[in-house]
Every structure is written in C-alpha cells, then in structure tokens.
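Scrolling down, you'll hit the structures one after another.
The following pair of complexes shares a single chain, chain A, combined with chain B in the former and chain C in the latter.
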Partner chain A sequence: MAEEILLEIKDLRVNFYTYRGVVKALNGVNLKIYEGEFFGLVGETGCGKSVTASAVLNLVQNPGKIEEGEILFKQKNLLKMSEKEIREKIRGKEITMIMQYPIAALNPVINNGDQIAEALIANKNMNESEARKRTIELLKEVNIPQPEKIARQFPHQLSGGMAQRVMIAMMLSTEPSLLIADEPTTALDVSIQAQVLSLLKDLISKHRATVLLITHDLSVVAETCSRVGVMYAGDMVEIGTVDQIINNPQHPYTKGLIKAIPSDRSKELVEIRGSVPDLVNPPSGCRFHPRCDYTKPICKKEKPQVLQVEKEHVTACFLYEESRNKKSKEEYAGEYKGGANGRTDSA
Partner chain B sequence: MEELIQLKEIKKYFPWKKYKYVKAVDGVSLSINKRDIFGLVGESGSGKTTLGRMMIHLIDSTSGSIFYKGKDITKIKKLEKNLRRNMQIVFQDPYSSLHPRKKIKDIIGSGLRTHNLVRSEGELVTKIEQFLNLVGMGEEHLYRYPHELSGGQRQRIAIARALILNPEFVVLDEPTSSLDVSVQAEILNLLKKLREEFDLTYVFITHDLYLARIITEKIAIMYLGKIMEYGDTESIFKNPLHPYTEALFSVIPKLDPQKRTKKIILKGEIPSPFDPPLGCRFHTRCMKKIGEICEKVSPPLKEVEEKHFVSCHLYD
Partner chain C sequence: MVSNLAKENLQNWIVSWGKRHSSEISDFKETVYLIKKSPLTMVGLAVILILIIMAIFAPYIAPYDPVAMHLDNRLAPPSKAHLLGTDELGRDILSRIIYGAGVALKIVLIVLAIDLPLGILLGLAAGYFGGWIDEIIMRIADIFMAFPRLILAMAIGTALGPSLRNTMIAIALTMWPVYARLARGETLSIKERTFIEAERALGTSNFRILVFNILPICVSTLIVRATLDMGNIIRIAAGMSFLGLGAQPPTPDWGLMVSTGRNFLINQWWVPTFPGFAILLAVFGFNLLGDGIRDISDPYLRRGRQ
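Let's turn to the complex of A and B:
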C-alpha cells in the first residue's frame, strides 16, 4: 500500500435543514484514503455514507450544508475552493463518481457513445473524431461486445450491467485519481455483480486510480477492498484493514453487523435490537448506545474518542478504551487524534 | 411427510404483442411437503416470483397442473373462499403493498371481514391487537396509516395481515430485500418463530443465496423459467452439481478469505425470455458444455444423489 495520503476528511459535519428540524447527517467524520488503495465505506441506510461522498464532490445540496471540517484532496482543501474551481479542476476530472442506478444517471436522450465523447471533448480537449475513436476504445476496455453498436444505442436499450459498464467507461475516460463508486453493484444480479467488480478491479490497477467504494454489503468490501470504514448514524465507528474489521472487530456495532448479515459464516442471523435513530434528534453521547448491549452511563453523556487499536485500526467506543486502559496507559498514547475529542453531542 | 402442494409441468407464457410470448415459467415440476420452508432462488428474470404467484392462484397458469392437497387448482376459475384463506402471500415491497389510505386496522382486518371470521367489531379489534403483538407491534398502531411506519414495521403489518386468517401456506416473495440488514434479521427470526407457532408451510423467494441457506430446508435454483437444481439446502450448498449453481456459489462475495474458491465468472447476461436458448437454457453461458446435445435437447430433472435433482447432461 502506498503511504501517500490522497484524500483526508477531518471532522466533517453536515446538516440538512428540513421542515422537521435539523438532520445532523454527519457528526464529525474523520477519514484518510491512501493513494492506490480500495477503500470501502460500509453502513446501513441513512448512516451518511453517500453524504460523505457528495461532500467530497461538493455536491451537498440545499437544504444540506457543510457546517465544519476539512476535505483535503492532494493537500488542498476542497471546501475552500470556489464552485467554479471545483467544476473546472476537480469534479469529473480528478474525482469522478459511479452511481447506484446507472440507467437513471445516464442521459436518456443522448446515445451512449456521444455521452462518453462529450466528457472527452469537455475535459480532454479532444476534437469530435478523436473523441469518438477513444470512446470505442474505452467501451472495448470495459468488455462491451460490439462497441460500435452499443455506442449508437440509447441507455434504455442497455441492461443494468451494460449500463454500469458504460458508466465506468465514462468515469475512467478522464483518468481520475479518485473514483467514488456509490453502491455500484447493488442493483445488479450476483453473476453480473461479479463481472462488474472484477472489471473494476482490473481497470483500477491498470489506471492506477484510487477507489472509494460505498456499499451496505460487507462481503463485497471483504472481497474487493484493502481497508474499510464502518459508519453508523453519521459517525465513523471503526476503521481498519479488511482483516482487522472482519476478524477482530472492536466496536459493538461492527460486531452486530457481521452477525446480522447472511454470509458464509452465519448459521442463523442475530438481530441488532432497536432501529436506526432519527437524526433530527440523535441519541446523546455515543449514537449507538440505545441499541448497544454494553451501554454504560458514560456512553449516554459523551461522544467516544477515536482510539488506536493496532496500526491502521481505530475505533470510537468507550468499551475499547476501558479494556485498553487495563492493558497499558502509555503504550498507544496519542498517535491518532480524532476530531471530536470528548465533545458532547449537544450541537 | 405429507405433501401439501405438487406442481406438474407448470408453464406460464405472458403474451406480448402478436404471436410473441415471454416464457416466464417453462415446465416446472416439484413438490412441497407440509411444514417445509421451501426456497425458490434465482437471478432476476428467472421466473421465481411468477411461479410463487401461480402456486397460490394469483395468476393463472398457461398449462400444467398444481395439486393443492390433491386437488388441481389450475382447473378452477375462482378459488373457493376457504382455499384462498389458506394461501397467503407477503410481497416484496412493503411500501406499495399496503393501501396508503387505509388504517392499519382496516388493512389487517379486511380479510377477517371478508371471510366472516369475526362476529363483532370488538372481536375484530381484539384479534388484530393479538396479531399486532405477535409481530412485535402495539395497539397504538391500530389507527395509524402506513406512511407513519418504517419499512420494517410495514413488513410486520404485511405479515400480520397474511397470518391473521390462519393460513396453511404462505408465499414470502423476497420479504426482506427492501429492508436494512439489521431489520432483515429481525423479520427472519420472526418468520421462523411464527412457523413453529402456527405450523406453517413457507415458500421463500429470494435472490440471496446465503439468506436461502439460513432460512430454507429445501431449495430450487431457477434459471430462465426452469429448475436447474433442486434438493435439500445443505446438500446443494455442500455439493452443487449443476454448472450454473457452481458458478453462482463461486461468485457470491464471502467474508472469510479461506472460503473463497476460484471465481467462475459467467460470460454475458441472462438471455431474453422471449426466445430462450434451445436445449439446455444455460448452454450459452456454460463453462462445462459437452457439445451438441446441450444445444438441442433440454435435460430432464434427474435424481443424481438421494433427493438431489439436477437438470444437466453432464449426469446422463
């Protein structure tokens, strides 16, 4: 793994101002993504994984607002850039995004080839015939049979898997450094999912890009990613390598999630009691405490700090703090400083 | 064990424009015993939902017969009330399967009224309350509307609605696919508990193989309207015999690296059901194709191991 940090998110807070009240969607998220890695972001509906992605592209839209934090991409703070700068330099060039429903993301009235060519003309200063030629090459690269024919067709004529390939071709056309894939295979069948994921892996290593893979499926992450971040209700609860998260989870939510998903391990499913909280009135302290089996008084009052478990492995839970304190106080001191140090969640 | 429902060469062709048909289910034979949890597994377009709906006579079959307790239900135009009460369904999407302008009480209670199972309004309410508690909800939900509930709660209402008529046979059409994982576990455990309590027979339709492994006792793997493999869930998982099943199992993402086998990535996509391939439906994508016989002759379901049926020429 290259050690160069490509993207760093520091204490990111995003609120949505709705008529029901303020939805505190992101509650101080910290995240580092190294160059060339496959980073997975896992969580249930409404945990803030897609909001994190849109914040990176500065696409958080009204009524949403980025309240606080920094998003450092190649050491530059994206949140300080103007919309014009982001549009011209970052979005669609340096950072691109694949959406969950490719057919909805593609323009229905422009044929597939022209959509890709348009991106090339706009971003790569190609003329029309060059762009068309490159389009066919790109379609070939994503294993589309009869690329000339598909280029002339419209998105509605494609199956889900094909449309996702067209999307991938388009997103790779500008040779981005970071590719955000938001649930790229959720709408696809298993056999097609396997095709798309293996294609994505091949292309990424060929183009030397970095991927932020957003998904609710921990098994997909286990197979494709090198590191994982687990999110719950706007908080990053645990980050580690795939092996650390799967085999040595520290946070009770991560443990619960692994037991709740049907996988090669499970003989029966263990439910996580309760339900995801309403983020207009999120639980105080640790947002997971109403559903946690190990809740202590402190969990209700304070937001847990981010603690180092091992190299690359961090978790935000008082339970771990306790067990660690038993071991040694100085050993792990202060290498990783989370954003919201002991701050109470009363904002 | 007693047989509850038996399907013989059941087919469903949906007409499309003139002279064209979508062959959604194309000759399926299987039998389901009482108290089974029977899984119908397949990718989209494999015909699993159509088959499930035919089993409870929600749609007519094109040909073939379905024997429910020895009685052929395909021959009847309209089900007798008693039979209809015995066969219930829980749909995939709880957001569209509950009437948005009816209160929970009326949604759950309408079946009781139709079948004259309650004598008074008071009895109706008591019965509904009893079932609301059973699915983990309270009396306070009686007078609410579906939009006030979460996805998991709605699915509980749909389950209560199906079970309040005291059915024998329930088709569960991907009951958890639109729910979050932690809620999914809750609903599945509830369904398991209810089966014990009411001696139910389930047909569980899903595209998730691990889910099928956890909840079902027998499964049928479908592809393009035909059954590829069918038998006890465990024996199929331990020893998948059909190349399609084998490929499918190899590509489902796994948590444990040591359980990962070499991935068999199938080429292409599921062919169109308008004109499915001749011979074996799977031959266009099969990695173990023997030769001409696969393209010409449709392989029959054969008992290769004990109670493990496969439809493939490899086992001729």
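Let's turn to the complex of A and C:
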C-alpha cells in the first residue's frame, strides 16, 4: 500500500433542507484514501455513502448543501475551488464516477461509441478520428466482444453488464487518478457482478488509479478492497483494512453486518434489528444506540470519539473505549506495553 | 480500368456506409412500415406531398399565369379551359391555388424557422439554469400566452402594417412560447436523469450537456409539436389575409382569395369555395400527418427492436 494520501475528507457535514426539516445526511465524516488502493465504503441504504461520493465531486444536488468540512484531493481543498475550476480540472480529468444503474447513466439517444468519443474529445482534446479509434480500443479493453458493432448500438440494446462495461470504459477513458464506483454491481446479476468486479480490478491496476467503491455488500468489499470504511446514518463508525474489519470488528454495527453475510449454511443469519433512523431527528449521542445490543447510558448522551485500535484501524464506539480502558488498567497493573493494541473481549 | 476501380471504391463505400448506419437504416425501415400501417397518416402525407410538389413546380403545373388578368373572361364558371373557373379579374383560380401553395408553405417554413430555434434556446436556458433566468423567460412567455393567438397576431400585424412579411413575424411572435414551454418542460425532466449526472461527473461543460445531451432528446417532441402546428399556422395566416392584414393583392394567397371572393358567394360560388377547400385540405393534411408522426415517434409503439 502506497502511503501517499490521495484524498482526505475532514469533518464533512452535508445537510438537506426539506419540507420536513433539515436532514443531517453527513454528520462529520473523516476519511483518508491512499494512492493506488481500493477503498470500500459500506453501509445501509440512506447512510450517506452516495452523498459522500457526490460531495467529493461537489455535485450534491439541491436541496443538499455542504455545510462544513474539507475535501483535500492531492492536498488541494476541492470545496474552496470555484465551480468552473472544479469542472475543468477535477471532474472527468482527475475524478470520475461510475453509477449504480448503467443503462440509466448512458444517454439513450446517443450511440455507445459516440458517448465515449465525446468524453475523449471534451477532456483529452482529441480530434474525432482519434477519439473513435481510442473508443474501440477502450471497448476492447473492457472485454466487449465485437466492439465496432457495440459502438454503433444504443444503450437500450445492451444488457446491464455490457452497459456497465461501456460505462467503465467511458469513465476510464480520461485516465482519472480517482474512480468513484457508486454501487457498480448492484443492478447486475451475481455472475456478471464477479466479472465486472474482476475487470474493474484489472483495469485499475493497469491504469494505476485509485478506487472508492461504494456498496452495501460486505462480500464485494472482502473480495476486492484493501481498506474499508463502515458508515452508519451519516457517521463513519469504523475504518480499517479488510482483514481488520472482517476478522476483528470493533463496532457493534460492523459486527452485525458481518453476521448478516450469508456464508455458511449451517449458521443462522442474524439481522440487525430495527431500521435506519430518520435523519431529520437523528437519535441523540451515538446514532446507532437504538439498534445496538450493548447500549449503555452514555451512548444516549454523547457522540463517541474516534479511537485508534491498531495501525489503520479506527472505530467510534464507547464499548471499545471501555474495554480498552479496562485493558490498559490491567496492563498498568502488569507490564505496560505502550498504547492500545486492540483485542477486546467485551462484545 | 480507372473507372472500374472507382466503381469498386464506390461500391465498397456504399457497403461500409450501410454497415456503419445499420441501426439507423433499420429504424428508418420501421418508420416506413409504421406509416404504411396507418392509412390516415398516408392520406396526410399524400396531401402534404402534393402541396409541396405544387409549390415547387408551380410554373410547370399551372395552366395560366396566376396574375394575368383577362377582363373579357371574368367570373367564368368551371369549364374545360378553366377547371375551377376564373375570378372577378378573369384570373384562373386553379393556377392561383397552385401558386398559393408556395405562399402557404413559405409562411409555415419561415414561422417555424424562427420559432423552433428561438423556443429551443429560451426553453433550454430556462429549464436548465432555472432561477431568475427561468422566471424572466417564462413570465414573458405567459404574457404572450395570455392572449388568444389569432387576436394577438392581428394586433401585432396591424401594428407592423399589413404585408406578408409582417404576418409571418406576427405569427412567429405568438407561437414561440409554446416551444419554449415544451423545451423547458423536457429539459426539467431530462436534467434530473442519471446520465446527466454522469456527464457532470465527467466534467462536461453546461454548454456541451445542453447541446449534446439534452437537445437531441427535446428535438423529437418539438418536431412533433411543430408538425401539429403547421396546420394552425396556415389557418392563422389565411385568417389574417382574409382580414386584409396579410398578403396584399395580387399575391395568390388562399386567404386573400377567399376574402375577395366572398362577395360572389351567391352567384359565382366557385370563386371563394375552391381556395377555401385548399385551406381546408392543407390544414387537414398537416393535422393528419402531425398525428401520425406523434404516434410513430412514440417509443411504446416501436416494438421488436434489436
């Protein structure tokens, strides 16, 4: 893992001003993405994953508004850039985004080839014949059979998997350094999912790009990502490497998500009780406390601080704080090893 | 040798053109098939085609000069020499109707050539940018739409002075709000769709999004609306000519012919009746064709596409 930080989000808050009140969609999100990694962002529907993605491109739609925070991309704050600057220098050139429903994300009245060619002409200053040639190459690169034929067809003539490949080709055409994939496989069936993911992985390593993969499927993350961030109701509850998150989850929400993955037939699936809270009136303190099995009085009052578990592994939960304090007391009693080293047995 | 090579090149080019545009060609074939299946559209299309042929080839088709007066042969009833009779100045009515087709089509084309671009431009801007741009454009459009179209056209026509050119300007000024509203409505719904978001994520400029992504989708709706309006334009133009605001004599304009012929309705019925029929047929033809095009361009009708 390269240690160069490509994208850093600091205390990002996004509100949506609706008739019912202010929806606090992002409640101070912190996130670091290193160059060349595959970062997964996991969480339930409505927890703010997609809002985070659109905030990075400064494309939060009305009535949404970025209230505060910093988005540092290559050490430059995107939120301080003008709309024109971000459009001309960032979107398309440095950061692109793959959408959830590939067929809806392609213009229905322009044929596939022309859409990619247009992106090339607009962003790479190519002339038309160059762009057409490159389009065919790109389509070949995303394993589309008969690229010349597909280039002439229109989006509605493609299957979901094909359309997503065309989309990937289009978004990689400008050679961005960060690719945001907003649930790229959700609309596809399982066998195609695996194909698209492995294709994405191959292409990314080939183009040396970084990926922010947004999904609600932890198994997708486990398969492809190097690090994961778990979001809940606008809060980042846990960040760590895939290994740390899967094998040593600290936050009860992460644990719940992992228990809910169908892995072994003999094991019964455990659901997380309740549903996502209404973000107009979010729960006080830790936003997860009404659904948590280990709620303590303090959870209802205060927002938990982000705590370091191990290197690269952080979580925001009072449970961890407590167990760590207990542990360090024990360690003080015995031999002090310095700092917290993780492993909790409380949950 | 050389000509053979050229021939081969041409053949190759035709084959490759066909391959490159295979989807457009199959689309076109389907359109033809759908038109053939709808007899009313065929009738409308035939009427319009006849109208166009009349307009283009008027000098070759018309048996007489439309403005040549023969005072010795005034108000002659339909006969072999004058199929539709002659008017109060001895001019052949059939010839005048044939030349009149050109005048009518000219009005339609010029009005649409002003209104479609104007409506599209204003509608796209209003719908896409919203805010005060939208507010200003749409409130002005509302003012124009607050008056009955014919009355407003008459008022503008009177203010500008009676002539064919001013009639066209007057009609164009009353029609643009329709297209602006339509384009705005389409833009409002299209700009929320995912592919526009995808374009934004690609850093496409507003101008490119409007021209390359929104416009092509709007255009089909606007063209359907324009074909439906062609009949209206002919009707309004005829109405204005009838009132003396449009074409001036001796222009062979249908409305004008009905207007001057109405004095002879009782005794020489053919003088106003045949130009009236011409207006009726043309409006009818445009309406049938417009309805047909609307049905054909409906994507739900188009099945079995690969």
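By definition in this document, the second predicted complex is superposed on the first by the 325 of 347 C-alpha atoms of A that agree within 3 Å, B and C clash if a C-alpha of one lies under 4 Å from a C-alpha of the other, contacts with A are read in each partner's own complex, and residues count from 1 in each chain.
Note that a contact is a pair of C-beta atoms (placed from the backbone, for glycine too) under 8 Å apart; a residue touches a chain by one contact, two chains touch by 3 or more.
Note that the structure is a prediction, hence the values are computed from the model and not measured.
*Asks:* Scan A:295 for contacts with chain B and chain C and give back first, second, both or neither.
*Replies:* neither
*Asks:* Quick one: is A:91 in contact with chain B, with chain C, with both, or with neither? Answer first, second, both or neither.
*Replies:* second
*Asks:* Which partner does A:284 contact after superposing on A: first (chain B), second (chain C), both, neither?
*Replies:* In the superposition, A:284 touches no partner, neither chain B nor chain C.
*Asks:* Is A:226 contacted by the first partner chain B, the second partner chain C, both or neither?
*Replies:* Neither: A:226 stays clear of chain B and chain C.
*Asks:* Based on the superposed arrangement, let me know which partner A:45 touches: chain B (first), chain C (second), both, or neither?
*Replies:* In the superposition, A:45 touches chain B alone.
*Asks:* Regarding the shared-chain residue A:186, is it in contact with chain B (first), chain C (second), both, or neither?
*Replies:* neither
*Asks:* Would you tell me which residues of chain A are touching chain B in their complex?
*Replies:* Touching chain B from chain A are residues 44-45, 145, 159, 161-162, 189-195, 198, 216-220, 222-224, 246, 256-258, 260-272, 275-276.
*Asks:* Applying the document's contact rule, which stretches of chain C touch chain A when the two form their complex?
*Replies:* It is residues 20, 22-23, 193-195, 197-205, 208, 212-213, 216-217, 305-306 of chain C that touch chain A.
*Asks:* Considering only the defined contacts, which chain B positions touch chain A in the complex?
*Replies:* Going by the criterion above, the answer is residues 43-44, 150, 152, 180-186, 188-189, 207-211, 213-214, 247-248, 251-257, 259-260, 263, 265-266, 268-270.
*Asks:* Once bound in the complex, which stretches of chain A touch chain C?
*Replies:* Within the complex, chain A touches chain C at residues 57, 59, 87-88, 90-93, 95-97, 99, 101, 104-111, 118-119, 122-123, 152-154, 157, 167, 170-171, 174, 180.
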